[in-house]
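Order of writing sets the labels: A, B, C, D, E and F. Residues in every chain begin at 1.
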Amino acid sequence: MLDPKHRRARGLAIYKKMGWDTNPDLKALDPELWRLTTEFVFGEVWSRPGLSLRERELVTLAVLITLGTEGMDLHLRHAGKLGITDDEIREVIYQAMYYAGQPRGLFAMKRLKGVIAERKRTRRARR
Amino acid sequence: MLDPKHRRARGLAIYKKMGWDTNPDLKALDPELWRLTTEFVFGEVWSRPGLSLRERELVTLAVLITLGTEGMDLHLRHAGKLGITDDEIREVIYQAMYYAGQPRGLFAMKRLKGVIAERKRTRRARR
Amino acid sequence: MLDPKHRRARGLAIYKKMGWDTNPDLKALDPELWRLTTEFVFGEVWSRPGLSLRERELVTLAVLITLGTEGMDLHLRHAGKLGITDDEIREVIYQAMYYAGQPRGLFAMKRLKGVIAERKRTRRARR
Amino acid sequence: MLDPKHRRARGLAIYKKMGWDTNPDLKALDPELWRLTTEFVFGEVWSRPGLSLRERELVTLAVLITLGTEGMDLHLRHAGKLGITDDEIREVIYQAMYYAGQPRGLFAMKRLKGVIAERKRTRRARR
Amino acid sequence: MLDPKHRRARGLAIYKKMGWDTNPDLKALDPELWRLTTEFVFGEVWSRPGLSLRERELVTLAVLITLGTEGMDLHLRHAGKLGITDDEIREVIYQAMYYAGQPRGLFAMKRLKGVIAERKRTRRARR
Amino acid sequence: MLDPKHRRARGLAIYKKMGWDTNPDLKALDPELWRLTTEFVFGEVWSRPGLSLRERELVTLAVLITLGTEGMDLHLRHAGKLGITDDEIREVIYQAMYYAGQPRGLFAMKRLKGVIAERKRTRRARR
């Protein structure tokens, strides 16, 4: 069992490994939702041994694709940090699609396209 | 692109690696549903390179947990063949649960418990 | 616009055409749920012109398959009264499945199999 | 059983009957998602006898309304080609709504309104 | 049992208590969807004794958060009329989130933020 | 902010107020799922001020009805402890049903009936 005192520190450490910084957008949206998510979802669940961060992200992407939620964008954006390429995300979408339904695959592919386009714009702007 | 002529053979080969034999229960339920699933879901999607079978099963389990469907039992029963232990399935459940909702985690854990109990009964009967 | 005074009578007339008698199981479960369903869902919506009862049942089956609910059994049992054969229900399942996800198709096919088996038992008992 | 060699040709033929041309937006989004959808969903499922294309579209609309997905727009836009009028789509929405929930009906009605407005703009621009 | 003749009047009375005026946006979207919603959902269900309007709104918000639908905005906007503060809506979101999944909580929180921002803009414009 | 050190004690205190004892069935199913649920869902979320336990249960019931999950039984069984009568649960079902869909209402009503029947059997056995 993980030490409950260090939940927040562990959550922040996971954010860092994921390339999410301190997850500032969620903090700005609602500090309490940020605290609950950081301490619990990241400080407890994501911090567990037993599955790699890469595998935890594959599982999470599959759930988010099934729910059909915009909330997947943050994950699509940073999955590369956990060693998941855009082509691998495509495979997750094809795989999830036959179980979750074709429209969920379609929606996820559009979000992925949006995230890739956004990344290109950012890179171009930086040059 | 995989050769479309060999879809069924590829699907059957995947079933074998998964420990599903020829997926006979689905064939008995509805031969056409079996054919569509074998040729397409397994002969096309599961057969793709780009993700390991272990990772495809993790993704599939996550979708099935999110849907909260009894259909996950076949996967829970044979995940070990793809190198996924019961403890790793538990981790998938904990991970999926915060995104799919606690009742989906509870439901999946009950199915897993049922599958483990069934396995023990079968082993005892064989002795 | 349909006359609001005759909602209940219209609902009962639809039940009769569907072969549901007065929908007594729902009445026994909860008289108020029965009243709300009869007057509104059947006395208003099912009673509208613009789609045939056969088409309304196809639409309803598709929604119920997507939700993955046991509540579809009553519809599977009596769809024949509206001219929908078991083979046509199978087609609805195959069609809905790629949009709602394969596990929803699997679940619906099992319910259909159960309804067909139940019908055979009833016929045998009557002889 | 339909000849598996001609899946793609059959899928393209269905697209044509539906007024979707070759479904170019999906192809542009992701060629592999287009191939899987064309060969399988359209070349296999939509191509089956047993239900008319009109009835397959009614079933599909009902699933898409239940899922509450933007993906329904393409179907709303072209349903007329399969003989489904806007008023009939409204009836599908009213019918699906009591089973899928009022918010799914509300969402679908807004998408339908959007599609009708878009059609008017296109017509005006052509004059 | 409520008198069926007065369904519409009762529905309109509930709208007024909720600060929805006559729900004109829904009427403009589709008069028949407005009629069905007003007479049935509001004239029958919301009009029932047995739960306060505040409690009916809490229940409704929880369903809408779970469905993850934009349709929640009208409720978020006017919940104050039934004595539900923005802070209480936040509590509903935290509470619903562990059962409906974190992404549904995230989505609802963003809608609430949007509604609060919109309210501020309206107030500023009025000065 | 609640003191993170006392999460488990707070969770157990909530269980007691709800008449759930220590939630032993969940503990027997999976000790880690029990710990995560007790410390976080009950020790954090249910323990918050801002809504009464009665209101938190109304919200929770609405989510569970929408998900259509068997997991609602424990809540249906003990809602009385938080001052929610069976008739009030019926009102929650009617209210949630028009938003979550009639089949979710039907499913919940059957679970409620099952819980009421079980309670009667227990009382009779005790005499």
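Following the convention adopted for this analysis, a residue touches a chain if its C-beta (ideal position, glycine included) is under 8 Å from a C-beta of that chain, and two chains touch if they have at least 3 such contacts.
Worth saying up front: this structure is predicted, and the values here are computed from it rather than measured.
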Revision key, fill the gap. Note: chains that touch subunit B and subunit F both are A, C, D, E
Exercise for review: Could you quickly compare E-F and A-C and let me know which has more C-beta contacts?
Suggested key: E-F
Review point. Over half shared or under half: which fits the residue numbers at the contact of copies subunit B and subunit D, same or different?
Key: same
Point to revise | Chain whose Cα centroid lies at the greatest distance from that of subunit F | key: D
Review point. Rounded to the nearest whole Å, what is the centre-to-centre distance of subunit C and subunit F, using the mean of the C-alpha atoms as each centre?
Key: 31
Practice item. Scan subunit E for residues touching two or more other chains and write them down. Key: 36, 40-41, 45, 63-64, 67-68, 90, 94, 98-104
Review point. Subunit A touches which residues of subunit E in the complex?
Key: 68, 90, 93-94, 101-107, 109-110, 113
Revision key, fill the gap. Within their complex, subunit C touches subunit E through residues 1, 4-5, 7, 35-36, 39-40, 44-45
Revision key, fill the gap. So, in the complex, the side of subunit F touching subunit B is made of residues 26, 29-30, 32-33, 36-37, 41, 63-64, 67, 69-72
Exercise for review: Enumerate the contact residues on subunit E facing subunit F in the complex.
Suggested key: 40-41, 45-46, 48, 50-51, 55-56, 58-67, 87-88, 90-92, 94-100
Study note, to complete from the structure: Touching subunit D in the complex, subunit F uses residues 98-104
